[in-house]
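Before anything else, here's the structure in question.
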Amino acid sequence: MPASLRKELFATPLDGVVTVLLITGLAAAGSRLLHWALTQADWAVIQANSTLFAVGRYPIEQQWRLWLLGALLAAAAGLSWGVLRGLALPDRPTTALWPRHDRLAASLLVLLAAWAPAALGLTLTIQSRWWGLTGLLLLVRWLAGRYGSRLGKTAPLVLPMVWPLLYLVGMVLIGGGLGLVAVGANEWGGLLLTLVQASFAILLSAPLGVLLALGRRSSLPLLRWGSVVYIEFIRGAPLITLLFLGQNILGFLLPGGMAPDRIWRAAWILTFFSAAYLAEAVRSGLAAVPRGQLEAARSLGLSLPQALAKVVLPQALRIALPATVGQFISLLQDTTLLSLIGLLDLLGTARSVMANPLFLGKSAEVYLTLAVLFWCCCAALGLGSRALERRLNPPSLGR
Amino acid sequence: MTAEPKVAKSPAMIEARGVEKWYPNGFHALRGVDLTVQRGEVVVIMGPSGSGKSTFIRTFNALEEFQKGSITVDGIALNDDLRKIDAIRREVGMVFQQFNLFPHLSVLDNLTLAPVLVRKRSKGEVLNQAMALLERVGIAEQAHKFPGQLSGGQQQRVAIARSLCMEPRILLFDEPTSSLDPEMVREVLEVMQGLAADGMTMVVVTHEVGFARQVADRVVLMADGQVVEEATPERFFDHPQHERSRQFLSQIL
Amino acid sequence: MASRLGKSPPWWQNRRLLPWLVQASVGLVLVLVIAFLLGNLVRNLSAAGLLLSWRWLGQPASFDIAETLLPFNASQPYWRGLLAGLVNTLRVVGLGFVGATLVGTLVGSASFSGNGLVKRLARIYVELIRNIPLLLQLVFWYFVVFLALPNGAAAIQLPGIVLAKSGLFLPGFEAGFQWSGPTLVDGVWQAPLRFTPEFGALLTGLVVYTGAFIAEVVRGGIAAVPKGQWEAATSLGLGPLPSLRRIIIPQALRVIVPGLNTQYISLAKNSSLAVACGYTDLYSVAETSLNQTGRAIEVIVILLAAYLAIDLVISLLMNGLNRLVQIKER
C-alpha cells in the first residue's frame, strides 16, 4: 500500500478500524443499491412517462417549438461557455481552447447524449435530435472559444443580454403569440414548467433584489425602513405559506375577475420571495466595497447613478456572486414546492404519475431519478459559479 | 494672521469663511475656520489627529457638509445647489490616503472613466492624454495593469494621474503618503513637487515636514477644529508663535 | 450660506430638498398602491360574504387530527385544532434542533479528522444533500423508506425498540408508574411512546438536511480559528480532544452561533413542508381550515404571525447565546 494512502487511512489503530468499518459498510450498501437498481427496480415508469416528465401535457403537434427552444438554449449555453473560457485575463494570455476540465465536460456530455435517450427508450428520431442538440452546444462552444476574443471589450456585456433575450423568445415559443398557436399555461408541466418558473423568478428577482439592497443601505429613512420591512417579512415566512397566500389572496387583491393564472401567481410569489434573499446577498457585497470607492468616484465628478453603476455595483456584484448563485440554486430547488399547491412541476408530475394504478409503488425509481436530475443541475450550477468567480476575481485584482 | 498672497491680483481659488461643522452625534468638528488659497499657491495643513484638517479639506469638494459659514471654490459658492456641487467637483481633484483606485478597472480605464462620463469627451482623445499623464508620473509601462498588481507608491501616482486627467484647477491631498512604506514616499512627493513647480494650486494635508519646507508657500496648523497658526514655512518651523504650535512641532520634529 | 451667484436651485437640483421629495413620491406611490389593493380586497371580500371576522375560530372544526399531543377531535373548535398543529410543529422543530445540531457538529468536525476516508465522506454527504431539494428528500424518506418498513410480526425488533411501518415504538411509563415496552396486540404494535412514520420521516428529513448545512457552519467556524491556535495548544502539551474543547471550540463558536441562528430559523420554516409527509403541523391544519371555511385572510394572518413569532423567539435566544460566546475585546 503506498505510504500516502496508509497515512491517510490507517495512521492510528483507531483510524484503521474506522476505515475498515466504513469501507465494508459502504461496499455492502453500494452493492445492495446496485443490485436493486439493475434487477428489482422497474424503470418502465420513467420510460413510459418521459414526455410527461419533460414537458407535461404540451400538445404533441406543437412540440417542435420546444425543440427549437432547446436548440437556442444549447447555442446560448455553448456561447456562454466559450466566451467565458476565452476571456483573456489581464495577467494571463488566452488559455488553450480546450483545457482539461472542458474536455472532461465535453466527453461527459457526449456520453450522456449517447446513453440517456436510449436508456429512456426514446425513438431513434428523438435520440438523434438529442445528439444534434449536444453537437450544436459543442460546436458553438468551439466557435465562441476560437473567435470570441474578437468581441473584445463587449464580451462581458454579451452574456447578460443574451439570456434575458432568450427568455423572451422562449416565452413566445412556449406560450404562443406572434403567429404561433397559443398553448395555455395549464398545459405546461414537468421539467418545462420547473424551468419556466425558475427562469422567470431568477430574471425578475435579480433587479428587484439589487434595488432592495440599495434601498436597505440608503440614507433616506423611508427607503431604508421600507426595504427592511419587506425583507424581514419575507424572510420570516415559510415559502409554502407565501405560495398559499398567493394562490388564495391574490385574487382578492385585484379587481374582480382579473386574477392571473395560478402558474403566474406562483411565479410572482417566487420572484418576490427570491428578491428578499438576493437583497441580503447583494447587501453584503455592497458592504464589502470600501466607502472610499464611492468617495473617489464622486470626487471625480461622477453622479450617484454613474458612480453606483460603474464603480460600486461591479465590485459589489463580483463579491456577492457566490451567494447570489447559491440563491438561484435554492430557487431552482424551491420550485418543487409548487407541487404542494397543485401545480404540475417536475415533482408534481411525478406524484401524479404515481397515482396511476399502473405505476403504484414505484416511488423509489421515480424519486431517485428526480434526485439525480436535480443533483446534476444544481451541482453543475455550483461548479459554473465557482469557475465564474475564479474568472472575475483573479489574484491580480488584489483580493 | 493673514499670509501675504502669492498673486495679489487674481481672485482667490478657495475662500472659506467661518466654516463650522457638527457631526450628527453632536461633536463640533470645525469651529469657525477661515482659509484663503490663491491661484498657484501650495498650502500645507498640519495638525494632530482629530484636529479636523481632513474634514476641512473634504468640505471643499462637498464630501463633507458644513452647517455654518461659507465656502467659495473658483468663484462658485458651495450650497445646496447640486449643479454647483457638480461644477466644483469637476474643477477640484482629490488624492486620498487609501488611494481608492478602482480595482476592477485597468490603470488606463481608471484614468479615462471620469473624463468620458463627466466631461463627455471621446475615449480616443482621453486615451492620449491619459498616457501622457502616466508618463509624467513615471509609470507609463503599467498602463494596462490592474491596481492590485502595483505597489503602494505606484498606485498613489496613478491616483494623482487620475485626478489630473479631469484637468482640475485645484488638487486636494488628504495625507497622500501616510499609507506608504517609507521607501515609496519619496517617489510620490517628487511627483507632487513637480506639480507645484508647474503652478498647480494645491492644498495638502500631510505630516511630511521636508515637503512642507521645500514646496509649501504657506503652512497652516489646525487643532481642535480651529486654525491655530498660519505662516510661511520658515517662520512656522523655525519661529512658531503659538504654544500649541510649539507643542505640536516638538512632537513631530 | 451666502450664495454669490444668486438664484436658488430648482427643486430637483437642491441637495437638501431632493431626499424629501424622493421619499415623498415613493411614499405616495406606495400609499396609492396599498389603497388600491386594500380597496379591492374589501370589495371582493364583502361580495363573497367573507369580511374579516374571528368568530369562526370558535366553531367546531369538522376534521380530526390523528397525531397530536393535545387531544382533539372534530367536535372541538378551530382554534384548538390550530393550537394542536402548533404543538406538533414545535414538537418536530424542537427535536429537529437537537438532531440537526448533533449531526452537523459530528459531520462538521469530521472534516478535520485525520482519516482521509472520513473527511471525504463528510464532504460527499454535504455536497449530496445540499443539491437535492428538501421536499424531494422528505417524500423520499416518507414513501421510500418509512412506508416501506415491514409491519406486524415482521417489523424490525431491537431490545426495547420496534421499528415498523406503523411507526417507531419505544418503552416508557404507562398510566400509573408502570414501565412497559412495545407489545404486539392482534398484529398491531402498541407502546407508551409512539412516533408515527409521518413524524419519523419529517424529523429524519429535516435532521439530515439541516445537519448538512450546520456541518458547513461548524466547519467554517473551526476553519476560522487561526492555525496558530492549534500549534500553540499542541506545544503546550494539550492532546487533540482537550485542545479542541478548551481552545478551538470556544473561538469557533463566535463564528458558529450566528450561522446556527440562520439554520435554526430555516429548520423551523422548513417544518411547514410536513404536509408532504402527512404530518399535521400548523400549516397543514391551517390549510384544511381554510379549505373548509374559506377564511383566507384570517388563516394566513395566523400562519404568518405564528411563524414570525417562532423566528423571533429563536433569534432572541440565539442572540443571547451569541453574547455569551463573543470574546470580550479591548
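Going by the order they are written in, the chains are A, B and C; count residues from 1 in each one.
Simple rule for what comes next: a contact is a pair of C-beta atoms (placed from the backbone, for glycine too) under 8 Å apart; a residue touches a chain by one contact, two chains touch by 3 or more.
Note that the structure is a prediction, hence the values are computed from the model and not measured.
Chemist: Taking every chain's C-alpha mean, which one sits closest to the mean of all protein C-alpha atoms?
Modeler: Of the chains present, the most centrally placed is A.
Chemist: Taking CA centroids for every chain, report which one is farthest away from subunit C.
Modeler: B
Chemist: Return the distance between the CA-based centres of subunit B and subunit C, expressed in whole Å.
Modeler: From the centre of subunit B to the centre of subunit C is 55 Å.
Chemist: Where the CA atoms of subunit A average out and where those of subunit C average out, how many Å apart are those spots?
Modeler: 25
Chemist: So the centre of each chain is just the mean of its C-alpha atoms; given that, what is the distance between subunit A and subunit B in Å?
Modeler: Centre-to-centre distance between subunit A and subunit B: 49 Å.
Chemist: Would you mind writing out the residues of subunit A in touch with subunit C in their complex?
Modeler: Its residues touching subunit C are 5, 8-9, 11-12, 15, 18-19, 22-23, 219-223, 226, 233, 236-241, 244-245, 248-249, 251-256, 329, 333-334, 336-337, 339-340, 347, 351, 363-364, 367-368, 370-371, 374-375, 378-379, 382.
Chemist: Touching residues of subunit B toward subunit C in the complex: what are they?
Modeler: 69-70, 72, 75-85
Chemist: Quick one: which bits of subunit B touch subunit A in the complex? Just the residue numbers, please.
Modeler: 61, 63, 86, 89-90, 92-94, 96, 98, 100-104, 106, 113-114, 117-119, 144-149, 162-163, 166
Chemist: Under the touch definition given earlier, write down the residues of subunit C that touch subunit A in their complex.
Modeler: Going by the criterion above, the answer is residues 19, 22-23, 26-27, 30, 37, 40-41, 43-45, 47, 114-118, 121, 127-128, 130-137, 139-140, 143-144, 148, 265, 269-273, 275-276, 283, 287, 290, 296-297, 300, 303-304, 307-308, 311-312.
Chemist: What does subunit C use to touch subunit B in their complex?
Modeler: For subunit C paired with subunit B, touching residues are 1-5, 8-9, 13-18.
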